[in-house]
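So that we are looking at the same thing, I have put the structure below in structure tokens.
Each chain gets a letter, A, B, C and D, in the order it is written, and its residues are counted from 1.
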Amino acid sequence: MSGLDFDLAHLFAGLMVLVCFLMLYQDRLYSLLNTFAVHAMVLSLAVAWQAYIQGAPQLYVTAAIALIFKAMVIPIALHRLIRRMDLHREIETVGGIGRTMLLGMALVALSISVMLPVTAAAGTLAREDLAFALSIVLLGLLMMITRRNAVSQVVGFMTLENGLILAATGAKGMPLVVEISVAFSVLIAFIVIGIFLFRIRERFDTVDVGALDSFRGDRR
Amino acid sequence: MRDLVYPLCALLAGLLGLVGLLALLRGDAATLVLPLGLPWVGSHFRLDPLSAVFLAIVGFGGFAASLFAVGYGRHEPAPGRVAPFFPAFLAGMALVVLADDAFTFLFAWEFMSLTSWALVMAHHREPGTTFAGFVYFVMAAFGTLALLLAFGLMAGPQGHYAFEAMRSGPHRLAGVVMILALLGAGSKAGLVPLHVWLPLAHPAAPSHVSALMSGVMTKVAIYGFIRIAFDLVGPPHWWWSVVVLVVASITAVLGLLYAVLQEDLKRLLAYSTVENVGIVFLGLSLALAFKANGMAAAAALAMTAALLHAVNHAVFKSLLFFGAGSVLAATGQRSLDRLGGLIRLMPATSALFLVGAASISALPPLNGFVSEWLTFQAVLVSPQLPQWALKFLTPAAGAMLALAAALAAACFVRAYGIAFLGRPRSPEATAAHEADGFQIGAMALLAAACVGIGVLPGPVIDALAPAVRHAVGGAGLAAQGGRAWMTLAPISDNRSSYSGALVLLFVAASAVISAALVRAVASRAVRRAPAWDCGFPNRRPATQYSASGFAQPLRRVFGSVVFRAREAVEMPPPGDPGPARFAVSLVDPVWDGLYAPVARAVDRAAERLNRLQFLTIRQYLTLVFAALVLLLSLLTVLR
Amino acid sequence: MSLGAIALAGVLLTPLASAALLALLAGYRATARLNVVASGLSFLAALSLIAVRPLPNDFLFVDDLNVVFIVLNTFVGFTTSIFSATYIRHELETGRLTPVYLRFYHAMFQVMLFGMSLALASQNVGLMWVAVELATLTTVVMVGIYRTHEALEAAWKYFILGSVGIALALFGTILVYLAAQAVVGEGLPAMSWIVLVDNAPRFDPALLNLAFVFLMLGYGTKVGLAPLHAWLPDAHAEGPTPISAVLSGLLLNVALYAILRFKVVMAANPGAIAPGPLLITLGLVSLVFAALMLYRRRDIKRLFAYSSIEHMGVIAFAFGMGGPLANFAGLLHMTMHSLTKSAIFFAVGHVAQAKGTQKLDDMGGLTVTHPALGWGLVLGVIAIAGVPPMGVFMSEFLVVSSTFSRQPLLAIPLVLGLLLAFGALILRLQHVVFGDATGESHKVDASYAPMLIHLALVLAAGIALPPAIVAWFQNVSRALG
Amino acid sequence: MGLAVALAPLLTGLVRAVKARLMRRRGPSVLQPYRDLLRLIRKEAVIAEDASWLFRAAPYMIFAATWVAVALVPTFATGLPFSWSADLIAIVALLGGARFFQALAGMDVGTSFGGIGSSREVMIASMAEPALLMVAFTLSLLAHSTQLSIISESLHYSNVGLRISVAMVLIALILVALAENARIPVDNPATHLELTMVHEAMVLEYSGRHLAMMEFGAALKLLLYMSIVGAVFMPLGMAQAHDSLVRQAVGLGAYLVKMAAGGVLLGAFEVSIAKMRVFRAPEFLGSAFMLGFLATLLLFVSKGGLR
């Protein structure tokens, strides 16, 4: 493939990692959601670019889903959710933002060092993309475990999933990518609905404050 | 239907015993392979002299127990929980003895544990039974796993599970195999410190089952050890015998020290089983030592002693448990301090129990003495052993054996004297009645065996010879059967000899003569009068010596050292007519030193880990994340 | 369309069709019957698969390995549906389930069976992934069906952890595709098992390693290997008992199947890291951890859920050891565990209904009040604890003995874990079935048939395995390498 | 056999006489024990109401067992007929049997004193019997045989020489003998102070002919131990079965002298030392046990001891 193709794809992937760090940096829910919207947009751009250079039209669908669903519907829904259930606006973190950022750096380094030995045979594009995708996945997971708010955890999960989509689209000619992205959108919808349904105020951990105390049989 | 179980068991078990006996007399091996068990191995069965001996023990022991149970079963409160498992238990023991491949062996072994566990749990509502069953089953599983590891080593990576292949196969880590076998078989036989389940489980079971467990199942365990250590692992190394010797002598003495302090008749019998198992293993260890040094004749002597003692113990321990069972059925009491005076209420039972007590105390001319005598003879050959460790340890073991023998007498004087002599200590004991025909019949049978083997040991020893040759090789002992006056001379005439028949003859003769003389000269007059008791006779049973009172001197001498026994007497203040209270505190060194810490450790670990049940989802995700990161960094490092 | 294709279609389509039908139909009696019939039909179809195999296409195929799983799954699904019929009736009577949810329940039951069969029969890695997730999501819904706080929380936990697992598994799948695509070119073939195994030697080892890490963790979450197990105990404890039986008996196997497939691919590549050590480590950790967790359990269903974790550990360990003997043992242990554990859950379901609670403290003396049920439970627990004459003993015998002769040091923790678990199980068992009857005691009018059938099979297997099955398993274990 | 029966009371009488003399008493005649036995035998037997058949059978069993044991000990000549029918270990066991029944008899009536006696007796025995067996070990290791007559022959004729082990064994054997025969310092045959009795407490309920048999058994036991000491450690003058009558006579004379000497020594010893507390007895016997055990071990280390 030509240098430009490669550079653009690379750029988008890099951008996504960067945005991930921005998300890690946020301490307000709203701003976090906005940043995530950006993340999703970059993703859709990256996917679209892949669709173009691979000449795989079905990927445009994926790009569209990313744009419409992740970059618009979900963030808006979450905005309203926050207002409706007047959740805390600021993000409770575990172990401070700064430390989380450092950990994030380490994760990126880790994912790159893991990807290094992959021979160029797998396609340089795939290889670089993968390194970024992996770091995005790890950063998403990191966000899930260092943020206490339910919403920010959902955001973390979606970030993780963006990384997956990036990887999937980066994999040349991979079947079922569209189906998978759809499946994931459904999954996320489930989660958001779940939050509504179970009135999760602050955290995933508790369906209801009452459930905290009425722990099942094993609590003594 | 239920009434038919025990008669049928008696019939089948008797047949088994006969089969074993015939196979032993024919002295050759028969094998059989069935398409069961482990695929591509099949389940192999083999009846060679060694297994024949123990098949005979299982068979005849089972026969006696079933016969006893025909009568005893009527007193059983929960027959539905005993009758189904009893035959299965017998079958399991028989299969262990017959098995000829690792899978079949362990299958039967664990099946035997399972069924006996169910039998122990028969009286599941009585306090302590649940604990007993738990400890028993866990120890059984421990033993099975140990044996499983042993077989795994012998079978090798390709899994040659048939015993035939193991015999011929390369003997890797034979020492480890022997240790594992000692752990596995020892935990079932009741070697210290693996004996803890035995005094809990044996008394908890119905008495005819206790008899089977103590009299027969421990022998099956001994068979397991002999099969592995003498037959399968190949040539022994002399240090093995050191290990076994030490364990065995500790077991023999400690078992009796426990027994002599017990107040529960059945528990006392169970502890004495521990002691006798120790004596058998003492013989086995000597056999190992001699075999390792190529002293075939001495090895044969030791092995004969061990096997004979196994047979004898099966006989008299079953007899004693039957007696205890009859007492339990007649009075509902197991505690010595609630019994007494039974010799007048249950004359037959008490007479037969006396025979058992005398033979387990190794009194000539009964059978217990013969096997212990042979063991002593084997000990006396030890100076010819080349290794110094053995030279020194064996006499020590002999001393331990002597101590055990003396303590056994003390223990059973106490048991018999308190339970059967004197005056009844409780209303139940006063209301006791004689056992029924089947029970007495079974006991009489065993008592006859005690006397028979004691007086004519020669033929029995010759019958054991093929098994001995199979185990230790060589020519075995010289034939003992055909000598004048049924005399035993295991090594040579002027080395040592013993004739039970003559001793019996002499004692009987001199007793008769003296009695006759006395009758001739003495006055026949007999007057019944209140007991003299130094002028202060007191009819109340409470004035008799109690079980703990009788044990007091022994407790002071041995208990204070081994069990840190402490006695506390609280006196009422002067002028207060209230009774003085006496309390004894014992510390079980094995339980407190070994099992309690393990239990505590498990408990603590469980408590620590249990927190993981109550983490939040975020924390669980952290676990996943940590695992992921760890593996990824491993990937980078590994390269 | 060949016979085999028809059979496979039967396995897959019967549940789908009946699911649709069940969603429409109302009324307990009819739906329950239909549920049983449908499961029975798919079981028969699966049986016929043993005889006739369809030709593999891009999406589906049947070989020696997965047919074992398919038959086992459909069978347990069938017996479970029988059990669930009587169980659900009781739930309706006590009002824990409303008819509406009942409709839902039956439909979901079939969808779940479909998902699992699809996952097992799928030739395509991606398809399998989708199917596994389908099965997972249906079970999530089923777990929450009682809509109590506890049930919802359990479902939620299961859902979140499951989703993360899904994501990881997918990333692994993508990596596998990438590795394959570089060699065999783009498109579907690069995702089909046969092609993967054939060309594995030429894949890029680094990619494979990475892929395996993700797959191991992703599907490992479904298998319930510690430390990824967190969802499993609660999901088992709070869902309806038939679902607990299906989870332990089937879903864990499906996830394990996926791991096995990828293990074969890994093993075929000389450059890649050996998958064995990872499986062994996770297996031992799960075994010992679960064994210790058993001691503090107060809820009978959670108790047996942890025992499932323990046995999954043993199975993973066995496959990790590899070699014909250990693989055979692993397969056997898996089969026996499925049968036994579902039988135990059948029994537990009846016990919970008889005693009106799942708290271990409130149930005692079961053999006094409900002899048949009590002794059935005894038999089941004895079997799962690895005591003869039941079949689990054979597999544990093979695992332990073969391990000790090859890696003595690995056998120590293995034996330790088994002993610990044994102690805990017996302790609880004795408390439940023996002693004076405690707690309330209702009459149970349920058929013990499913439980007894399972136990009978386990017993038969423990005494003698049919040569056909043995040969079949041996082929598979050779294929697993 | 007859000889022993005839001599036993005489020995007991001798010991008593010696003690009396040393205490400056005139004391009964040496033949007094015979008279006592006759008197007892003629009296009617009073039996406690609670006594069982065991109570009445025990005296004869005890007497018979002891008698057989004595008969198996070479007195004036070795290799007597049937001396091979039981070896040293069997003799120890026979005495054990006698004690077994004596202890049971003590408990039969169910009086507190019987209980005291029996429980103390078994405690003492549980220490004494192992000690005695250790002695037997050492001797049979020396003589490569457990046959008493062979032991004494080999100690007599073969050059075992003077060994420290033999001395230790001798002391151990004497200590055991004192305990087993209820002599001072372990027990006092003459006491009737209840709390100190052991042997006497067990026979407390006996009277008439039964008591006679008991006493006779005790006397036999004393003779037995002395004969063992004599036969094993002072075998000089001992004849062999096939020797001429003269030698047999010499042997007999030697035997009588030994017994007399033994009696005198025992009497002197008993007078010169006080009885110890019951719970000192275990230490007393424990030392005997240790001596026997040490003797056995020393045999292994001492040069050229054993093949």
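To be clear about the criterion, a residue touches a chain if its C-beta (ideal position, glycine included) is under 8 Å from a C-beta of that chain, and two chains touch if they have at least 3 such contacts.
Predicted, not measured: the structure shown is a model, and the values here were computed from it.
Show which chains lie in contact with chain B and also with chain D.
Looking at chain D and chain B together, no chain touches each of them.
Report the most central chain, judged by the distance from each chain's C-alpha mean to the global C-alpha mean.
The chain sitting closest to the overall C-alpha centre is B.
Tell me which chain's centre, taken as the mean of its C-alpha atoms, is farthest from chain A.
Relative to chain A, the chain whose C-alpha centre sits farthest away is D.
Once you count every C-beta pair in contact for both, which comes out on top, A-B or A-C?
So, comparing the two chain pairs, more contacts are at A-C.
Calculate how many whole Å lie between the centre of chain A and the centre of chain B, each centre taken as the average of the chain's C-alpha atoms.
69
Need the CA-centroid distance for the pair chain A / chain D, whole Å please.
Centres of chain A and chain D (C-alpha means) sit 99 Å apart.
Per the centroid of Cα atoms for each chain, what is the distance between chain A and chain C, given in Å?
31
Chain C to chain D: how many Å between their CA centres?
78
Tell me, which residues of chain B touch at least two other chains?
Correct list: 610, 613, 617, 621, 624, 628, 632, 635, 639.
Mark out which residues of chain C touch at least two other chains, giving numbers and ranges.
156, 160, 164, 206, 210, 296, in rising order.
Please set out, as single numbers or ranges, the residues of chain D touching at least two other chains.
Within chain D, no residue touches at least two other chains.
Chain pairs in touch?
Once each pair is checked, the touching ones are A-B, A-C, B-C, B-D.
Spell out the residues on chain B that touch chain D in their complex, using ranges where they run on.
Touch residues, chain B against chain D: 340-341, 343-344, 354, 358, 361-364, 369, 373, 376-377, 379-380, 383-384, 391-392, 395-396, 398-399, 402-403, 405-407, 409-410, 413-414, 416-418, 421-423, 485, 487, 493-499, 502-503, 506-508, 510-511, 514-515, 518, 521-523, 525-534, 537-538, 541, 543-545, 549-554, 556-557.
Which chain C residues qualify as touching chain A in the complex?
Contacts found on chain C: 124, 126-127, 130, 133, 137, 149-150, 152-154, 156, 159-160, 163-164, 166-167, 170-171, 174-175, 177-179, 181-182, 186-188, 191, 204, 206-207, 210, 234, 237-238, 296-299, 302, 358-360.
In the complex, go through chain A and note every residue touching chain B.
94, 107, 110-111, 113-114, 117, 138, 141-142, 144-145, 148, 153, 203-205, 215, 218-219
Using the touch definition from the top, list the residues of chain D that touch chain B in their complex.
These residues of chain D touch chain B: 1, 41-50, 52-54, 60-61, 63-65, 67-68, 71, 82, 84-87, 89-90, 93-94, 96-97, 99-100, 103-104, 106-116, 118-120, 122-123, 125-130, 133-134, 137, 140-141, 144-147, 150, 194, 204-205, 208-209, 212-213, 278-279, 282, 289, 293, 296-297, 299-300, 305-307.
Name, in rising order, each residue of chain C that touches chain B in their complex.
156-157, 160-161, 164-165, 168, 206, 209-210, 213-214, 216-217, 221, 227-228, 230-231, 233, 273, 278, 289, 292-293, 295-296, 323, 325, 367, 382, 385, 387-389, 393-394, 397-398, 400-406, 408, 411, 415, 418-420, 422-423, 426-427, 430-431, 434-436, 463-465, 467, 470
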